[in-house]
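What follows is a set of structures to go through.
The same chain A turns up in both complexes below, where it pairs with chain B and then with chain C.
Here is the complex of A and B:
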């Protein structure tokens, strides 16, 4: 029986979760929301996390009706992510570990997403599509590692969506991706965009530049062509742009996921990460899975978007299988690949 | 090419370092030790060119900074204070009260752990 507290703060969400043997006892979260047109910056995000981390821990303990002495392990996000926000979680986790005399464990953020998805859906050995603001990876488990089959070669899919939302000045509340999804539902015309799949990898930065240009031609970098711009620039509505962007980039993701399924002869797909709660992505993936006789596993925003619970759960699994960490190793790292972690808790 | 110059490299004026020492007292030696261990984990970023040494002296932490430039020293000290305050605030908020033996006034038994 392992009871774990997890602290997550690698991006603009700060979350605390408590889990006991797969039973969710608490999962609380605050999001740093910036004004339309602005992204979140490391320093400001860290300040936000600092303001809320203590009250979130108190809230989680209260909801779970536990005392510190009931916990077996304290888990925090070791990386990947932005250093200043990561450090907030790490420093608090270290301090609590020494104060309460409870072991400390650093958890890979990506592993947290994967294990949370498996726990909630019950998927046994799925192909995992991990899509968020900072990561885009197609992952399959093999021989004690989560191996990356395909990934983005530049920016993450969520980063592409977030930045597009900034260009067209969409609200960041509750999240830019959610607002794009709502607008896209009203889109009627598909605008042709570049479709960039390179083997098992995808690329989004070119698509972003292209759609940026369609959305706001006045910001075109090549000013020499100014004369041509005024001739015939078709008007695109925000709705059509959102719709076309979603259709294009999600089709790319479905394609590489399908190829990974064929390669691994798997018929299960699990979508995790913040973009994973987009219902259009889930719908497209479900169609692909059904055509192949497979099954899609998806989760809702409580567990999809970054949360403390996933760190607690992955940490609990590690702890149960005997993983320990010395206190001196409780640093944070901005780069920490999914396949660096030895998966000690799976026996298949 | 004279190979013998490498031992005398400290004659360059750029090697004059800016230094600072902070002495931070704590209410108890236990708190000082926790803060010392928590803050010792993070190394200075390599590009910062600041050397940071922490020592624990009873109920006090001493931090010594050596930097090549004043502005780097300021950055290092600012971020150190940020981490220190977060740690001490966390101690204040989540310190376990000795509820087991607070009925009697026995101070000696409080340290049984």
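Here is the complex of A and C:
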């Protein structure tokens, strides 16, 4: 029996979760919300995490009705992510580990997402689409590693959505992506956007610059072109832009997932990561799966969006399979690829 | 028509065209996509596939002959290689049947040939767009199907296009490298052998293309991957 406490703070969420043998005992989270038109910066995000981490840990312990002595391992996010917020989680985890004399374990953030998704949905060996603010990857397990078959060659899908939300000044509460999703529901007209798929890889930066120009032609970066245009350009509504952006980029994601399914001869898909709780993306993926006799596994925002529980769960699996970490190795790293982790807890 | 399998883009059937046994690829309507986007993509890809086939033929590169296309029915009728297996299968077989050292020698030979063909594609400005070992067919020459002598046939040109620039060629190589590393992770040498042969055949822009490829690769590594 492994009982683990996990701390996640790689981006603008700070979360604490407690899990005991796959049973969720606590999962609490705070999000650092910036004003419309602004993104979250490392320093301010770290300050936010510093302010809330103590009360979150107390709250998690209270909800789980456990004492520190009941815990077997303290887990924290080792990377990838922004360094200052990551450090808050690591420092608190180290302190707790020394204070309570409990082993410490650093967890790869992406692995946390995958293992959480597998636990909640019961998917055994799916193709994983991991979509969030910083990551866009199509992953499949083979021979003790989660291998990356496809990914973005420039910015992540969530980054593309967040930045577009900033341009049209959408609220960041609860998240920019959620607000785009709501506006998109009212969109009617499909506006043609670039569609960029390269094998199992995708690219979003060209789409973002294109839609930036559509949303605000006055800021068009190519000034020479602007001078030539004399005719009035059609005005696009925010709703239609959101709708078209979602339709285009989600179609790209579904396409590369399908390509990975055909390449790996797999029939199951699991969507994880913050963008994964978008219902339109889930719907599109479900239709694709049905059209090829496959099955979709998706999870809701409690487990999809960054949370402490996923770090606790992945850490517990590592701990159970014998992984240990010395105190000297309890650093954080901004770059930590999914395929760097040796998956000791899976035998298939 | 007899359905062979459902690939990434459409369904494959075994059909007959003017008395010739052929493969029918139907890019059926993808209901998850917006209808306008779906029609646009499907037309683009069918056209790309037929264009690339004739370009390959002119360049002396083996690709399935296109017998007939039907944009309204979303179908392409093309040459069928019944005996062929994918390069992915061949690599897995070689690895299973031989010692590590022998496998590397056998695969080096295969990779050199594949690299040469990709070099020829790029020298003719044909960008494949989806280079993976699933999209390379190994067609045995002899009757006994021992795969000692074979032709290498490139397939699935749906994402292909014509471009002279080094950027697209670099991305094409990057896609290939990534596909090899994820699919054949135990044989990390495959791409190096391919690249070695590629450099000899890809034409006068060799230096620029390889530099671009390194740049595209660096873009991937530099990405911070937050959250």
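In the analysis below, the second predicted complex is superposed on the first by the 345 of 348 C-alpha atoms of A that agree within 3 Å, B and C clash if a C-alpha of one lies under 4 Å from a C-alpha of the other, contacts with A are read in each partner's own complex, and residues count from 1 in each chain.
Methods note: contacts are C-beta pairs under 8 Å (C-beta built on N, C-alpha and C of every residue); 3 or more make two chains touch, one makes a residue touch a chain.
All values derive from a computational prediction rather than experimental measurement.
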**Study point:** Fit or clash between chain C and chain B when superposed on chain A
**Key:** fit
Review point. A:64 contacts which: chain B (first), chain C (second), both, neither?
Key: neither
Review point. Touching A:91, do we find chain B (first), chain C (second), both, or neither?
Key: first
Practice item. Would you sort A:145 into first (chain B), second (chain C), both or neither based on which partner it touches? Key: second
**Study point:** Per-residue contact with chain A, leading partner among chain C and chain B
**Key:** C
Review point. In the superposed arrangement, does A:261 touch chain B (first), chain C (second), both or neither?
Key: second
Review point. Touching A:278, do we find chain B (first), chain C (second), both, or neither?
Key: neither
Check your understanding: Once the two complexes are overlaid, how big is the angle at chain A between chain B and chain C (Cα centres, nearest 10°)?
Key -> 120
Exercise for review: Could you look at A:108 and tell me whether it touches chain B, chain C, both or neither (first, second, both, neither)?
Suggested key: neither
Exercise for review: Compute the least Cα distance separating chain B from chain C in the superposition and give it as a whole number of Å.
Suggested key: 16
Check your understanding: Which chain A residues contact chain B in one complex and chain C in the other?
Key -> none
Practice item. Spell out the part of chain B that touches chain A in their complex, as residue ranges. Key: 34-35, 37-38, 40-43, 83, 86-87, 89-91, 93-96, 113
Point to revise | chain C partner contacts - residues on chain A that touch it in the complex | key: 10-13, 80-82, 109, 132-135, 140, 142-143, 145, 147-156, 158, 190, 192, 195, 197-201, 247-248, 251, 254-255, 258-259, 261-263, 274, 283-285, 287-288, 291-293, 306, 334-337, 339
Study note, to complete from the structure: chain B partner, complex, touching residues on chain A are 50, 54, 57-58, 68, 87-88, 90-92, 94-96, 98-101, 327-328, 330-332
Practice item. Quick one: which bits of chain C touch chain A in the complex? Just the residue numbers, please. Key: 6-9, 28, 30-34, 36-37, 40-41, 129-132, 134, 159, 171-172, 174-175, 178-179, 181-183, 185-186, 216, 219-221, 223-227
